[in-house]
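Presented sequentially are two complexes of subunit A, the first with subunit B as partner and the second with subunit C.
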Partner chain A sequence: MSRFLFYLILVNMLTNMVSLTPRILIAGNNSGTVLALVLALPVGMILTYMIISLFSRFPGQDLPEILKLHVPKWIATPVLLFLALCWYLAGLSTLVIYTFIIFRFLTPEMSIYTIVLTFVFVVTYGILMTTRNILYMSEIVILIVVPFIVFIQIKGYLSPSLKWDYVRIAVMHINHLPDYAAFSTSLYIVIGVANLIIFNRYFTKLKKPSRKGMVLLTVVCTFILFTTYFLPIGFGGFDSLNNVLYPWIMTSDSIRMKFGVIERIVFIFIGAYLALSVISMTIHWHVSIQLLSSIFHFKRLKWKSYNLTIPFFIVCFWIVAMFSATRMTVDNLYKSVEIFDKYFLPILLFLLIGSLLLAKKRGASNCPELKK
Partner chain B sequence: MFEKKAPPLFDGLAEQFKPSDDMIQTPLHMNGQYAFLFYLKSVVDGNTLQQTVIKPFFEMSSEESFTSYIQSLPNRIDMPNIDKLLILLSAGFVLIAIGNHIFLLDIRLVSNKEVQDTLMEPTVHGPQKGLSEDIEVTINLIRQRYHQPSLKVETILSDDESNRAIALLYDYDRVNPDMLKKVKEQLVELDTPLLQSAGDLQHFLNKGTFTLFPSTLITERPDRIVYNLNNGKVIIVIDGSPDVIIVPVIFFDFMSSMEDNYHVFSVTAFTILLRYTGLFVCILLPSLYVAVTSYNPDILRLELALTVAGGRIGVPYPSFIEVFFMLFFVELLTEASMRLPKAVNSTATTVGGLILGTAATEAALTSNIMVIVISAVAISTFVIPINEMSFSIRVIRLMLLVYSALFGMVGLLVGFIGLIMLLVSKESLGVPYLRIPWISKNEELRMDKR
Partner chain C sequence: MSGTQKMIKRFFSILMLIALLFQSGCAFKDIDKRIFVLGIGIDPSETVEDGFRVTLKLAKPAGEVKAEAAQGFTHLAHDAESIAEAIRDMETHVDKKLEMGHNRSIVLNKELLSKDMDTFMDYFTRRADIQMITYVAVAEKTAEETVSFAPDTEPPATIALYNFFDNTGTESPYVLTTFLFEFRREVLSKGINTVLPIIDFNEEQKHFIVNKSIVLKWGEEPVELTQVQTKYFNSLINNVSNFTYKIEEDNLHLVLHIDEVKMKYQIILDEGETPRIDMKITKVGVISESTKRLNNSDLKKYDKIAADDIKKKVMDLLTTLQENNVDPFGFGLRYRATRLSHKDTIDEWNRIYPEIEFNVTMDINLKSTGAVE
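The block that comes next holds the complex of A and B.
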C-alpha cells in the first residue's frame, strides 16, 4: 500500500480526535458506544479495502473522469454534486470547530473573523495547489507533527492521573446494542480513504491492499479509535465527562511537563492538531473544489485569460465559512455534525461505492477501449 | 614585382573592426610565398603565434607544405559563418589565408586562468581550490575529477551582447533526458541584453519575477559539482565566472555541505541536526517571541513567562515593533559587513553588534531577551551552507513575522504551514522542490504535470 494512502487516512483520523467526535462518542457511553466502536472497525476496514480495490481498477483516474467515461450524465452529476457538498461540509466543520477551540483556549479576545482570516490565506493557497503537492505537503507536516502526538499519547498513558478503573467501567458497557450515532461517527474517523475520489489521480500504480498494509492500518486505526474514546474517560471519569465539551483538550490539559519550557501539554497538543486540521481542511476542500469544477465550468466568468470558476467557488466557500463560524454555536455545530455523520455519511459511502461498482460493470462490458 | 593581394574577406573584416588600434592585418612574405594573417593583437597570444605560425612559415620550403602544416595544427577549427567569425575573432582567433585557403586558429590569450580558492563555501577537509574564470580551465578541472566517457560537454554561445561561451556538462548515462531538454530550451530562449556571471544567468533561469527561493544552485566547489554530476544533474558553466550553476535542485541541496561526506557518521549526523535546528530557530524564533509576549504568555512555564515579561518592563511599544526594530538593525549590520572593505569591517561589527545592543537595552528600547533572541537568529542564519538560501530565509522570516504579528500563535503555526506549502508547490525544472526523498519510491506518483 502506498504510504500516501496512509497519510490520507491518518490525517482524517487524527484531526477528528480533537473535534466533536469524542464528544459524540462519550455522549453514548451509557448506551452502546463500545460495541459501536468494535463494530465500526471491521466495517471501516472492509469499506477501506473495497474502496481501494475498486479504485485500483481505474489507475490514475479520479471519480469525475471515471463517471464521465462509464456512467450516464444524469447519474454522475447529482452524485458528484452531493459528494462535493459532503466534502465541503467536512472541511467546514473542521474549520468551525477549530475556530471555536482557538477562540476558547488560545486567543479569547480575538474576534472570530480574525481567527477565520488566519486560515483564509493559507488554506486558499493550499486548495489551489496541485493534488500531488498536497500529498507531499501532508507527508512533511505529518512527519513533523506525529512525534509530538506520539509523545503526548505516551505521556498520557504513563500519567499517574490516568485511572484505569474508569476505563474498565466504560468497557463494561459493552453489553448494550450499538449506538447508531457513535457507530457512524467512528466510521467517519476511519474512512479517510474516501479522499481517493480525487487523489486517485496520482496513484497510477495503486494495487489492491496488501495483507501487511491492511494489518498495519487496522492496528493504527484500532489504537487511535480506542485512544480517542477511552483515554479521556480515564482522565475525566466516567460520569463527569458528560459535562465536558472538549474532552480531549481537558485530557491533555491534565498532563504536565514538570521540567519543560512549555509546562502545559495542552498547547503542544492544540498546536499539533491545528497543523493537522489545516492539512485536513486543505484536503477536503481541494476534493470539493475539484469535484465542483468538474461539474461546472462557467465559460462567461472570465478575467483576461483566466477562467474564474475555481476562484468563484473559493470565495463562496469562505463567505459561507465566515457566516457559519460567526453564527453557529457549539450546540448547533454538535447537532449538525451528528446529522452529517448519521445521514450524510452512509449515503455518501453508498453513492461512492455504488457508482464505482456501476462504472466497473459498465467498464467491463467495453473493456478493450479502456485499457490504454 | 607582382604583389599578392589579401583576400577580399580580410578587407571586409578590417572595415568591421575599424578603428580599433589592436587590429592587425599583416602579410607574410618570403621567396614568392605569401600568407596573410588577421587578428586582434590584445586577445591573441603573441608568443604562440610566433612559435606555431610565423616561424614555421619562414622555415617551410613551399606554400603547399605550410598549408598542410597549418591544416594539421590541433587548434585549427572549421570556418563558421561570418557573424560567428566576427565573434571568434574578437575572442582571440587568428585568421590565416594561404593561397585560396583560409584557416581559423585558436590562439587565445586568456589571462584569468588561475584556479581560485574556495571562499564562499569553505570546508575543513576536501579540496581547497575552486574553479577558474576561464571556461576551459573550469571544464578541465571538472573532467580531471570525473573520468567518465559519459561525461558530455556541450557548448552553447549565448545570444546576448557579450557572446559568452556557456557549456553544459552532464553525465549522459545518469541524466534525465526530459530535464536536459528543458534546460537546453531555457538556455536557448534566454532573452537578456547582457550576461555577466553565473549569478546573472541563474536569475534569468528562475522563471517568474516573484520568486522567493532560488531554483538553481550556484557553487564554486569542484567536489560538489562532481557529486551532483554523479547524481544526474546538469552543470552550467559560463565563461568568465568562477561559479557554476547546478540544475535542478531541491531544498535539501541547499542544506547540505560537502563536508557531510568527509566526516564520520556521528559528527555528520550531529552537524546536520545542528543545521536543521538552526534553520528552524532562525525562521521561527522572532515570530515566536512576538506570539508569546503579545498573545500567549501562558504557553511558557510561569517562571519563564515572568522573566520575559519582566525584561520588557519599560519598553515603550508592543513586541512586534521591538522585533522589527532589532531585526532591521541586524539585517543592516549583516548587509554592511558584507559590502564593506575588510579594513573597516570589524569596526562596523563592533559598533553595531556590541555597542548598539548594549545601549539599546540600557535605553529600554528593547529587552535583554530580545537581544539574545536576535543574536541567536543572526547566528543561526549563517549556519545554512548555501548563501542564496540563507538570504531567502531572511525574507521569509519577515513574512512569517508579519503573519504572526497579525494573528498570534495560530498565525505562527498556520503561517509556517503556509511556508511549507510555498516550498512544496515550487518546482525546479519539473522536479518538485521539497518532498521527503524516500529512496526508490519515486515511482509511486505520476510525475507529469496535472
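The block that comes next holds the complex of A and C.
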C-alpha cells in the first residue's frame, strides 16, 4: 500500500480525536459505545478494503472522470453534488470546532473573525494546490507533528495519575447493545480512505491492498480509536465526563510534564492538532471544490482569460464558513455533527460504493474485449 | 500551471506574510499589563450570607529577581456571593489583568468541605485558562491566612506551596498531592472518595506543615486522617518512596527506609462466605539507623518483625476508613470495574462495603543493613 494512502486515513483519524468525536462517544458511555467501537473497526476495515480495491480498477482517475465515462449523467450529477456537500460539511465542522478551541483555550482575546480568516486564508492556499502537492504537504506536516502526538499519548499512558479502574468500568459496559451514534462516529474516523474520490488522481499504480498493509492499518486504527475513547475516561473519570465539552483538551491538560520545558502540555497538544486540522480541512475542501468544478463550469464567469468558477466557489466557502463560525453555538455544532455522522455518512458510503460498482459493471460490459 | 494561477498564488503568499505583521504576541496584551495569580484561597464569608471570601496571591512585578531581598508577593481578598463575582470585583482593585493561567494552587477552608462543592469548585473547571494540574488542598486555619503566609524558606520567585506538592522539591510520604482533575473525577465518581492534603503553618517559626489529609464525603462531614494514617495511605496509593519505619524490639531500635512499595488487591465474593478484600503489599528497603551492630544474615528476622507491625497499622487505616464509610482507595471503583455493568452495581457495593473483611499480606524485603553492618 502506498504510504500516501496511510496519510489520508491517519489525518482523518487524528484530527477527529480532538473534535466532537470523543464527546459523541462519551455521551453513549452508559449505553453501547464499547460494542459500537468494536463493531465499527471491522466494518471500517472492510469498507476501506472495498474502496481501495474498487479504485484500483481505475488507476489515476478520480470519481468524476470515472462516472463521466461509465455512468449516465442524470445519476452522476446528483451523486457528485451530494458528495461535494458532504466533504464541504466535513471540512466546515473541523474549521468551526477548531475555531472554538482556539478561541476558548489559546487566544480568548482575539476576535473570532480573525481566527476564521487566518484558517480560511491558509486553507484556501492549500486547496488551490495540485492534488499531488497536497499529499506532499500532508506528509511533511505528519512527519513533524505525529512524533509530538505519539509522545503525548505515551506520556498519558505511562502517567501515574491515569486510573485504569475507570477504563475498566468503561469496558465493562460491553453488555449493552451498540449505540448507533457512536458506531457511525467511529466509522467516520476510520473511513478516511474515502478521500480517494479525488486523490485517486495521484495513485496511478494503486494496487489492491496487501495483507501486510491491512494488518498495519487495522493496528493503527484500533490504537487510535481506543485511545480516543479510553484515555480521556482514565483521566477524567467515567461518571464525570458527560458534561465536558472538549474531553481531549481536558485530558491533555491533565497530563503533566514534570521536567519539561513547559509543565502544561496542552499548548503543545493544541499546536500539533492545529497543524493537522489545517491539513484535514485542506484535503476535505480540495475534494469538495474539485467535485463542484467537475459538475459546474460557468463559461460566462470570466475575467480576462481566466475562468472564475473555482474562485467563485471559494468565496462561497468563505462566506458560509464565516457565517457558521460566528453564529453557531457548541450545541448546534454537536447536533449537526451527530446528524452528519448518523445520516449523511451511510448515504455517502452507499452512494460512493454503489456508483463505483455500477461503473465497474458498465465498464466491463462496455468494453468486453478488455476482459479477455 | 498558467500564469494567472501563479499570480494568484503569489498574491496569497504575500497576503499571508503580511498577516504575520499583525501578530503582536501575548494575545494582544503585554506581560506588563498582566498580574499573575499564584494561589487562590476560598473561605466562607463572614459579611455576605452564603457567600465566599476569595483570596488571591499575586506576584508583585519586579524588574530583576536577583535584586529582590524579600518575597515579591501580595494578596487581595474580597467577599461575594460566588467565586466568579468575587474575582470580577477584584479585577477593579488592580490596574492589570488578573492572569489565572499560571495559578497552581487552590486552598479550601475546612468548613466548606461539607457544603455543596459545585457552588465553588465549578468555576475552576469551567474556566479554560485554569490548569487542570492545579493542586487542591485544605487549610487547617483559614484559607486566607494560608495563601498569604510567607515562610522563611521561600526566596524570591519560588512558591513554597508549589514545591510541596509537585514532587520535585520535598518528597515525603506525608505529603499527599491531589490535582484539580483528580479532585473533579473523584468527587463526581461513584465508588471513590477524594483525599485532600491539609496545610498548616507555624506562626512563630515561619514554616508550613503539610502532613495530614482529609477524606471528603459528598454533603457530609469530612473524615480527617492522622499523620500516620496519611503516611500509610499515601505510600500505598501513590507508591511514594522515602518511607521510614521504626521498629522497637527488646533493646534494639531499628529504622527502616523503604524505597519501593507495591500494592495489589482483589475483591473476593464467594458464595456463603463474607466478602473480603485480599490485599498484598510488598515493600523493599534498607536499614537506615540502628542502636546495635547488625548482621546481614539476620535480615529475614527483621523482615518478619517489621511486616507484623506494619500490617497492624495498615489494618487500622483500612478499618478506620470502613467505619467512617469512606473509600479513598477506590475499592468501589474496582468492584464496578470487575463486573459487567448493570444499574444496581453501586448500590450493591454500598451494601457490601460496611461488612467487607480485609485480609492483608505484608511482605517486607530488606536488601541490606545500609552502608555498614
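We adopt the following convention: the second predicted complex is superposed on the first by the 367 of 372 C-alpha atoms of A that agree within 3 Å, B and C clash if a C-alpha of one lies under 4 Å from a C-alpha of the other, contacts with A are read in each partner's own complex, and residues count from 1 in each chain.
In the analysis below, a contact is a pair of C-beta atoms (placed from the backbone, for glycine too) under 8 Å apart; a residue touches a chain by one contact, two chains touch by 3 or more.
Since this is a predicted model, take the numbers as computed values, not measurements.
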First, second, both or neither for A:108, with subunit B first and subunit C second: second
Partner chain(s) touched by A:122 [first = subunit B, second = subunit C, both, neither]: both
Which of subunit B and subunit C A:263 touches, first, second, both or neither: both
Touched partner set for A:131, first subunit B, second subunit C, both or neither: first
Which of subunit B and subunit C A:237 touches, first, second, both or neither: second
Contacts of A:254 with subunit B and subunit C, given as first, second, both or neither: second
Partner chain(s) touched by A:205 [first = subunit B, second = subunit C, both, neither]: first
Subunit B versus subunit C as contact partner of A:160, first or second or both or neither: second
Partner chain(s) touched by A:306 [first = subunit B, second = subunit C, both, neither]: second
Those residues of subunit A which subunit B touches in one complex and subunit C touches in the other: 106-107, 110, 114, 118, 121-122, 125, 263-264
Subunit B - residues contacting subunit A, complex: 295-296, 298-302, 304, 406-411, 413-418, 420-422, 424-425, 432, 434-436, 438, 441, 443-446, 449-450
Complex contact set, residues of subunit A against subunit C: 30, 104-110, 114, 118, 121-122, 124-125, 128, 160-161, 163-166, 168-169, 172-176, 235-240, 250, 253-254, 256, 258-259, 263-264, 304-306, 311
Subunit A contact footprint on subunit C (complex, rising order): 2, 4-5, 8-9, 12-13, 15-16, 19, 22, 27-29, 128-129, 131-133, 166-168, 179, 181-182, 184-190, 238-239, 330, 333-334, 336-342
Of all residues in subunit A, those that touch subunit B in their complex: 2-4, 60, 102, 106-107, 110, 114-115, 117-119, 121-122, 125-126, 129-133, 135-137, 139-141, 143, 201-205, 260-264, 267, 271, 274-275, 278-279
